[in-house]
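For reference, the structure I am asking about is given below.
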């Protein structure tokens, strides 16, 4: 924090020139409140507790002015801990071990027009101040409603991968530690990035396949493999964002099928067998997953799926009123959590007693006990205008 | 409008390759609706009608993303005609004869950080496209809640004057036609710009005086004059924005006194005599002007003042529930208009039958008949998040 | 660009495949070749949070064959739109507000007109270069598919091929009639 | 800068004049010389439109001598504030949220503490470099004067002398006790 008092030090000096030390206006037994030291700026713990969540505020009413809200879900009084810039359909990554947050953003020299710059900014988790920037060439980073899959780590968080869409599809490989762009990989017909193995990624493709690539140490493709028929896009399309159980990505389809893909090895390996979120009575016409971030996992490997009772073709972004807890390995629906209203995005913290965090369409954030489903606390609309993506800090 | 279809022309081409001309899905006597031509972009009349108002949307929730909403106050169905960028505590001017709108703005290279650029952008009134830009040196343009007095014309709209505040005060002289900055005039202790004479301006000063300057053809000061005791800032401070009746600026004080200043000559000439908005029963404790843009004028030289029934020290920005119509020359209160709720800013159009436009704190805009005070129509919150300044287009 | 040729090849195949499931396209007239977009912004249709709090007077087409309110998210053409309705932003149902640039790339949806029962092909072009309109936010997803099929997904900001990628609002223009496919 | 010297001279005179009318300043301790700001944003106190729609739990000081809710616009220290309350933004009543920079230039107001009846001098520093917090918008104007007297006006964006002039929120720190002036 460097201050440049400029000429106003003179002005303040004039303030100091005038005063007379004086008695309080009204006699009072207690001494007056003490003067408070300025300047003062808060810092955060560099290691965020497990109850903290990074909330992506998409900010529809000013899309170029998106933000990441750092939220303590146990603090009903001061839930909002700070904001990090996330400009113009940005993406965000958090590396707890490195005490860094990364935003992938787009800027124009005249706010809405002029020269375009795409860049990754590196933010310190304690000060929320920028530590560095890596400019992304070509003005091609994918802009869409926030998906986690358009900006991902690989290579043990030393590198990041940025999805591009012009609408030609490619992936820019970035060396975060070296603060430089390594190269670009064409990825025609495939979308989103799912980190795979130690230094590679997978993407889902328009023909229903999944492609995996391993990267050489210069960021080029070392090897690749395609597995066909991972999803039926016409009839059982998968929501783009999976829940991770260890290194297994669990996707849910618009109609509630669950698809596990093991990403621990060099190449994606779809798990055998079938699973689903199960069914329930009372749907009109039927229960289906609905919302934006509709699936989450806990440390026990259970899945939490946001469900709408008005499931039909086209309902998949309408939000849901219940969360269904499912054991995907046993293919068993364990319990249902009534949200008491519509939720739009959900996540589950990795606390000793996990919490289900629910973002509402009106910006409110509610906290439920993930195990017994009770409403633990309500944070109100105190952190974000449009909380669209929830990333637990641990 | 130049289009660059890029590679997607190919994609559209593939769309065209597949189709078969086919019968409608369901037999129907009427022919199907015709295909609509694309691309299509609306334009506006270069000369805006007298019912149109340029509404400055300050946009508290994203201050760097302010806008000017072009609003047709007679059109309840489509009141919003378009938006013009007004970034980061911007100011706006409209030159109807030149078919140009000017915004004075501040930008950062990384939205909230980085290199600062202050600039005037010239927008075409018909297309709302930028026609040019004049960069303002020094990163010093005054940023504050929007006042009309921080960006003004002089020299018959060939030039503009930009108020600076670092907090040192000065005025940058800009040749709009020549697209260049002519120079800068120090203005210590004085604030806001009131165009005066043919090529000059006046400012109110912290000692209660008003200073006027005439400008030479190179933008430097040719002559100046100070008139003392124009306002009593302690006891009867004047709202910063006057209503213009011809070349006379009518200011209103926090306690309802009216102060006329003739700006038609080279130097400001305070009018002799006293006037006020008058008084009324029912105040708690008393009626006072309240709001942001609290005073307006009509073509007959009557003044309209937004009044709060809860007038007291500190109430001057609280908004008001009535508009009082006053003849300042006769020093006579003519009538009171009940707004049916709180208004925050007002203006009066110069239509044959003038309309009183009222912006509410919740963003709603209502239209009253300025003469009989009846509510003519309600536009709803359809144009701006925080409509703070209303400028009739004529 | 090699990658792009592959892309279009894949798009081409997928478009044929994707559309053939339910419909093929009958083009009524001059199609604006290369004009196509995928609009933005999902939010529950029932929960649009801002801008349309106050009741709006309807914007009818004036034609009985094109029924509904163009300022309402329920209007038939909006069956797969995602964003601010240009009708509320200074544009119309099929033209952009002044000051914007219409995206030359369009995502295409298929919506049924309740007046004539026909399924029309709707082009949801984005209007670009001006900040978020903020009025009449609307998201409907009939036929919407994941981003893996770009031409059927309304989450992309398709302000591509425009001078600026800043998104203002979306239009819903008729570009043809779709008919049920035999196969 | 010649102009600026004149400015400070005028300010000096006016400050003496302006403050002497009601109070002079008693400095309790180390004053952060050169720290002063005029926050931003007027809007009717009763009409803050967003962000505090949902009820908020109070943020008490924990001291009976500093009563009230620091998340509420009614809190005594906010008698002349204008902007988003930093207490709701990741800061506190007297410190800025992480990621921001506190403005070194402060507008000073005078507010009466209902617990001890004393009039305190309050420094309303702006926090800068991060976008609008959007929470707890509050505007009160006791003692506020027109922009012609900058040190008594809360309409300026006093994110001056900071790396960025982008405004995030405002604090309200005690810097001294004001006493009624004899003259």
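A, B, C and D are the chain letters, set down in written order, and residue numbers restart from 1 in every chain.
Following the convention adopted for this analysis, contacts are C-beta pairs under 8 Å (C-beta built on N, C-alpha and C of every residue); 3 or more make two chains touch, one makes a residue touch a chain.
Quantities reported herein were computed from a predicted structural model and do not represent experimental measurements.
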Distance-maximising chain from chain B - centres being C-alpha averages: A
A-C or A-D, whichever has more C-beta pairs in contact: A-D
Inter-centroid spacing, chain D versus chain B (mean Cα positions, whole Å): 27
Intercentroid distance (Cα basis), chain D paired with chain A, Å: 35
Intercentroid distance (Cα basis), chain D paired with chain C, Å: 47
For chain D, residues contacting two or more additional chains: 1, 4, 7, 11, 50-51, 105, 130-132, 134, 160
Multi-chain contact sites of chain B, meaning residues that touch two or more partners: 6-8, 11, 61-62, 64-65, 85, 88, 111-113, 166-168, 385
Chain C-facing residues of chain B, complex: 1, 3-26, 28, 30, 32-44, 65, 67, 70, 76-78, 80-85, 123, 126-129, 364, 378, 380-383, 385
Chain B - residues contacting chain D, complex: 58, 60-64, 88-89, 106, 108, 111-114, 116, 142-145, 147, 165-170, 186-192, 204-207, 231, 233-234, 237-240, 291-292, 313-319, 342, 344, 361-363, 385-386
In the complex, chain B residues that touch chain A: 6-8, 11, 59, 61-62, 64-65, 85, 87-88, 105, 107, 109-113, 117, 119, 121, 130, 133, 166-168, 385
Interfacial residue positions of chain C with respect to chain A in the complex: 1-7, 9-11, 13-14, 17-18, 21, 40-47, 49-51, 79-80, 82, 105, 129-132, 134, 137, 139-150, 155-160, 163-167
Residues of chain C defined as touching chain B within the complex: 1, 4, 7-8, 11-12, 15-16, 19, 24-36, 50-51, 53-59, 63, 65-66, 71, 87-92, 94-102, 104-106, 108, 113, 116-120, 123, 125, 127, 130-135, 151, 160-162, 168, 171, 173-180
